[in-house]
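Just so it is clear, A, B, C and D label the chains in written order, and each chain counts residues from 1 on its own.
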Amino acid sequence: MRAASLQHLFGLCDALLGVSGEYASLTLAREALDAYRALDEAGRNQFFDVLARDYSPSPQAVMQSANAYQADPSPKNLARLQESVESLRRGLFRRLNMAPGGTATLVEMRKQLLKNLRANPQWQVIDADLLHLLMEWFNRGFLRLERIDWHTPAIVLEKLSEYEAVHAMQGWRDLRRRLEADRRCFGFFHPQLPHEPIIFIEVALTRNMSAHIQPLLDIGAPITPGNCDCAMFYSITNCQEGLRGISFGNLLIKQVAEELRNEFPHLRRFATLSPIPGFRRWLERKRAEHPKELAPLARLDQPDWHAGEVPDSLQRMLLRLCAYYLVNMKQGTEPLDPVARFHLGNGAALERLNWLGDISESGMARSAGLMVNYVYWLNEVERNHERYFREHVIAASPAIEKMARECVLASAAEKGVSA
Amino acid sequence: MRAASLQHLFGLCDALLGVSGEYASLTLAREALDAYRALDEAGRNQFFDVLARDYSPSPQAVMQSANAYQADPSPKNLARLQESVESLRRGLFRRLNMAPGGTATLVEMRKQLLKNLRANPQWQVIDADLLHLLMEWFNRGFLRLERIDWHTPAIVLEKLSEYEAVHAMQGWRDLRRRLEADRRCFGFFHPQLPHEPIIFIEVALTRNMSAHIQPLLDIGAPITPGNCDCAMFYSITNCQEGLRGISFGNLLIKQVAEELRNEFPHLRRFATLSPIPGFRRWLERKRAEHPKELAPLARLDQPDWHAGEVPDSLQRMLLRLCAYYLVNMKQGTEPLDPVARFHLGNGAALERLNWLGDISESGMARSAGLMVNYVYWLNEVERNHERYFREHVIAASPAIEKMARECVLASAAEKGVSA
Amino acid sequence: MRAASLQHLFGLCDALLGVSGEYASLTLAREALDAYRALDEAGRNQFFDVLARDYSPSPQAVMQSANAYQADPSPKNLARLQESVESLRRGLFRRLNMAPGGTATLVEMRKQLLKNLRANPQWQVIDADLLHLLMEWFNRGFLRLERIDWHTPAIVLEKLSEYEAVHAMQGWRDLRRRLEADRRCFGFFHPQLPHEPIIFIEVALTRNMSAHIQPLLDIGAPITPGNCDCAMFYSITNCQEGLRGISFGNLLIKQVAEELRNEFPHLRRFATLSPIPGFRRWLERKRAEHPKELAPLARLDQPDWHAGEVPDSLQRMLLRLCAYYLVNMKQGTEPLDPVARFHLGNGAALERLNWLGDISESGMARSAGLMVNYVYWLNEVERNHERYFREHVIAASPAIEKMARECVLASAAEKGVSA
Amino acid sequence: MRAASLQHLFGLCDALLGVSGEYASLTLAREALDAYRALDEAGRNQFFDVLARDYSPSPQAVMQSANAYQADPSPKNLARLQESVESLRRGLFRRLNMAPGGTATLVEMRKQLLKNLRANPQWQVIDADLLHLLMEWFNRGFLRLERIDWHTPAIVLEKLSEYEAVHAMQGWRDLRRRLEADRRCFGFFHPQLPHEPIIFIEVALTRNMSAHIQPLLDIGAPITPGNCDCAMFYSITNCQEGLRGISFGNLLIKQVAEELRNEFPHLRRFATLSPIPGFRRWLERKRAEHPKELAPLARLDQPDWHAGEVPDSLQRMLLRLCAYYLVNMKQGTEPLDPVARFHLGNGAALERLNWLGDISESGMARSAGLMVNYVYWLNEVERNHERYFREHVIAASPAIEKMARECVLASAAEKGVSA
């Protein structure tokens, strides 16, 4: 049964690669996509196995054309060379993309592939081909920035609610609160995925920079009046697992900042209120390594350690450790913390640490309740970005730098050590 | 001055290739496109010269990665190989495509390139790269079929008028007549070229198959009543010279036929009324080769030879020669006549020759006044198409086949000869 | 304070009536609407009192112009007459309607007025003027029929959920189920109330005519496959209390039936599944009047009388009583039951009674659990409608007529008696 | 034949007035409109005769209800009174308006009526009813202001070209020039007349206030650069003769001025460049009355009097006469000149007279080549407007007032005389 389905599918694929007319292609592509979608997971895995094995360029043909190009780097030989390294897979995917819904299915296909890629390293060639093509098709020139609000079709809003990864939505009332007059939400959309956000960002317009996430997520919070001076980016979500590895966030944040500045010329600050997802894990490792210096942290082992009065000294120690973690802990040349990597890589600066910024269960578990504001100073963003990548410099406010220096671990020879 | 402009442009191109952030890319891409557009023609030619010379893959690097792939065709080595044959040019074009208007400028750039390509064969590598990318970006999945009528924005209609290549438009009144209730016009559009048709087709809804083009083009022709049974495709125009080599017509004709069948379920026939642009030139060559057999054609040398009464024998001879030309004259495995190549390759069939079908100056000069109907029998189109490409069979009506057999040249051993 | 607000509002109203330029009108209208909206309920009541007292036509002026018209019914005298009976109120409302949001505010104003109209009969003159104008502005030519589905903006869907009066919605999941592939929803919209449905109807596409409402309202009900042959209208809701008295339902049902027939040519039947809201109340009255004949109904006094096995005889008696109620009980010349009045007046026919069609609390309390199908036979609708209004004939199926005749009360001389 | 058509139409009208259901109304309305449209002009005239004669309110019924209202001005009696003066015609027109295209046909019907109204004064009752209803339906709240440019559908642009009354368009090239980057065009549209402008205005963005119309109308005029500081309203056209008597221009000019100020915050002046259509005719009358004083104007009798050098004295005399004409000549309490009436009534001010502002044939014939700039000072417009209507004050610049005072006729006792 499954074997017959697979054979049918490969029959369609080969016909698709062999046919000459676009219209015939279209018909075959439609059928092939249907046949693929009808496979169960095991069937898809077998499909990937064959795609990986039989649809790569022939080493012999590549060798011949490489030799010819070396002997004579003429246009003709370059064309032959480039053709010889193109896999049949790419041709197949291109033709599948012609059918209605083709792009969406290929994005889904890559999602499926990524799920089991680690266990099937031979599929990397498929992933490489899909990624190559999806980068062409999701070229930023083809994306539209769209405002999302209560006038947006429900089919899109429902997806927002499903995809929201940073601060999960509690139903439609929560969603609605996040789209009120003191909020903004923007997403990138692609013409081939009409009701699917590619990535979206949620923004709160506030008076002064927010230090705590719970008030922003409170469904019953009053709508703030119009005299806001800060745009707080409090959630950014990549929606399409099948587009992993294609970066949209950098561009989205900056285009949204421009939109907001046009709408609210008096905004003084564009900042995030972000988790520090790797802090607590790192901290526990450090406690094991430096039991004496970090002994005062024993209180953290109690379940509700942040309830009641927390000694100033503990608070100070934790903040300094966090500043130290963000400023000095690296993975290669970049920060160890993934959210720091994203925003600092975009050209933002570490601005402020917020005590008990996120007291949700996950906020306590991952970030010891701390949150951080990254600020996007619009006229420094590009310079920060370049210094980050060329000189590995992390932009941070004097206050944060001071805390990092004063950290109990700072004297130890830890700097730059991979954590 | 020009040297400085070019240097500035290449500075931007190299910065664009070197920069890491998407937002910075976007800014640089915008500036680079502006700098390119500011060049005069000579400047652009110099730009192409450098692009062709300095932005191709290095033969050494290609050789290394080809060797590695042959030794071990692993995913990693395949990825390295594919990367090594990608030219810097492609990367550059991809990044230019991110900026607003990028796609349109690259289409324009290729148009410019093609204009002087024959004199500059070294530019073929640029053309290959642009064509490769444009095929990705103009994948048929990204095109929208749109009806064009008197409700269409003037900015689009104006372009129709400019682009129309088969039967030039005589101003807005002519255009309007071609969009009346007994006509249809459809085009393909791409999201990145919002007001630019890629290709469009003009259709007349008629009672019986049209034999003469002049009544269809007559601005004052009465609007035909609703009982039409034929859709006559009387003009199809590719609008974007910069997309030459990417085929859209096959798909357009078939999608339009489907649209029309939905709107008018009683249509019995989808046919063209087409010129035979190579007939007269071929005929003159034949007259030189066969002066005796073709002596009766002497009347054709008179300026107004078709005026007044044309002898039946001459008419019969011309029609047979034309049938013979269409059915038997080849260029390689395909018909010599370019319009025949297009429609027969799409799966249409030669149906009828029309005496004095086009008595315009160019109709007389190129086709000796004849026109031909190609018919798209919707349920035979794919089979015709496949037989055309696999067996080089030309679908023709018995009447046309008979005329071709009875042609005075048919006994001669001309069949299949390249003309 | 309130007195000052009212004085301010009447100052604006009088300025508005006195001003000559449209632009100045627009500005004043905007301010007057703001001033009205800022009033609390007591303020609005006082506003209505003054509007009713001081803005009616002068009896003297009317008398004069009526005399003049009787003496000489010339165009000039007719114009003068018509002007003299136009109240200042109408002029005021017309000018208020010019401002952005004016129409919506006047609809709201009438809603407010109706709420307390019974206690303030002097306001009837205001109501008459508002109704007169709203009938002009909500002329059916200005309404657009729109399909409502999951692609509709959330702001509209939210209102659907709020307004649904027949079968209240249980949140977004319920709403979504009612918009799935086996359902349809349509509403009328007016250009001046962009995101406000005026009236909407919910339709289920089913195999055979539905007899029970609970399965249709079940959020978890499976989506029925495509071979439906019935369109069941199971809910119709007027949304704008301020438009009470302007009838939209008749037109909506028939336009929706046309839309559905276009989309699903194989639909055989357009029917409702409707409550019989006045049945139980009428029945209790009859039980008091005819204690002996209706003694078998004693079981109805038990709380869960329909649970377990209900004797056939009871079931038969109830169904006959209900048929009798629907067919014979009148209010003037029309049926006593309000839903029957609506559908029979539209030209539908009583088709079938459904035992335990609605076992919800309200269904039991109001309709004794029964529901009725009214059928819209498209080619009989207009004839039924005319016979209903001219001859007071109720269209009913033979089965229902038979049950009505067999009712235990039928022998009594009750026919046509006002209930 | 015609009698039968008319009888058929009145049969439909009476059925329409008698029918109770909206849906049946809709069907009958559609048929009645078709029957009306099928009438020739004579048939329509007969239709109007009957409408005027038989569909007016009955004087007896009016008298009764007026008496009742005088005796007791209760809500009920007011309602009865208002109903009794409503003509059957209004009811008929309201129901006709329900059908698709109904509004457009009624606008056309009034156009037809107005054409022959002077010869048929008995039709005034029809005109009054149509005007009353059209004022309700074309309430300014229902109009949308829309920018018209080269992206506008051709069907709308074509109508612009047909309707333009002030400076006729010379085909599509002329139209296109008027929609270039240094021009703006706006119109009011109504939801029931989707592709029909109600009124539109053409604006040129200029550096300094324009004095001459010919450069603005020159198809080949270069597009002016971006540093404009004036918006010149050079043409305003009412498109719908059937809406005569409903004023849209006042509102249009002011809304357009607001739009332009938003788009170009640096605009300093909103002004017209207007003809003085009644000047020459008035002047000729004055020459007859004051042959001696106006003897220097003899040159005006030569055909090309403005060619070559015109003596300063003649120029000065003409300008003063024109200022005098605009400032002092009245029709009742308003200016004699119709364009002056419109702009001054809107609150504009007479700013400047322009010598040889319009040297077209009609410009010379009607305005002796002069044009005038009216300026809309946005913060004085409402005050000017009120003073114009209450105190009959004409706002004029000191320069124009001075010229008017220095006019040779100023000493004569002509002021305020109806001309």
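Methods note: a residue touches a chain if its C-beta (ideal position, glycine included) is under 8 Å from a C-beta of that chain, and two chains touch if they have at least 3 such contacts.
Keep in mind that what you see is a predicted model, and the values were worked out from it rather than measured.
Chemist: Return the chains common to the contact lists of subunit C and subunit D.
Modeler: Common contact partners of subunit C and subunit D, which must touch each of the two, are absent.
Chemist: Measuring between Cα centroids, which chain is at the maximum distance from subunit C?
Modeler: Most remote chain from subunit C, centroid-wise, comes out as B.
Chemist: Measuring from the mean C-alpha position of subunit A to the mean C-alpha position of subunit B, what distance in angstrom results?
Modeler: Spacing between the chain centres: roughly 42 Å.
Chemist: Starting from the mean Cα coordinates of subunit B and subunit D, work out the distance between those two points in Å.
Modeler: About 51 Å separates the centre of subunit B from that of subunit D.
Chemist: Can you give the whole-Å distance between the Cα centres of subunit A and subunit D?
Modeler: Result: the chain centres lie 60 Å from each other.
Chemist: For subunit B, give me the residues that contact two or more of the other chains.
Modeler: In subunit B, no residue touches two or more other chains.
Chemist: Go through the chains and record each pair that touches.
Modeler: So, checking each combination of chains, I get A-B, A-C, B-D, C-D as the touching pairs.
Chemist: Which stretch or stretches of subunit C touch subunit A in the complex?
Modeler: It comes out as residues 150-155, 157-158, 171-172, 176, 195.
Chemist: Of all residues in subunit A, which touch subunit B in the complex?
Modeler: 19-24, 26-27, 56-57, 59-60, 62-63, 66-67, 69-70, 73, 75-76, 78-79, 81-82, 85-87, 94, 97-100, 102-103, 121-122, 124-125, 128, 132-133, 135-137, 139-142, 191-192, 247-248, 250-251, 254, 345-347, 381-382, 385-386, 389
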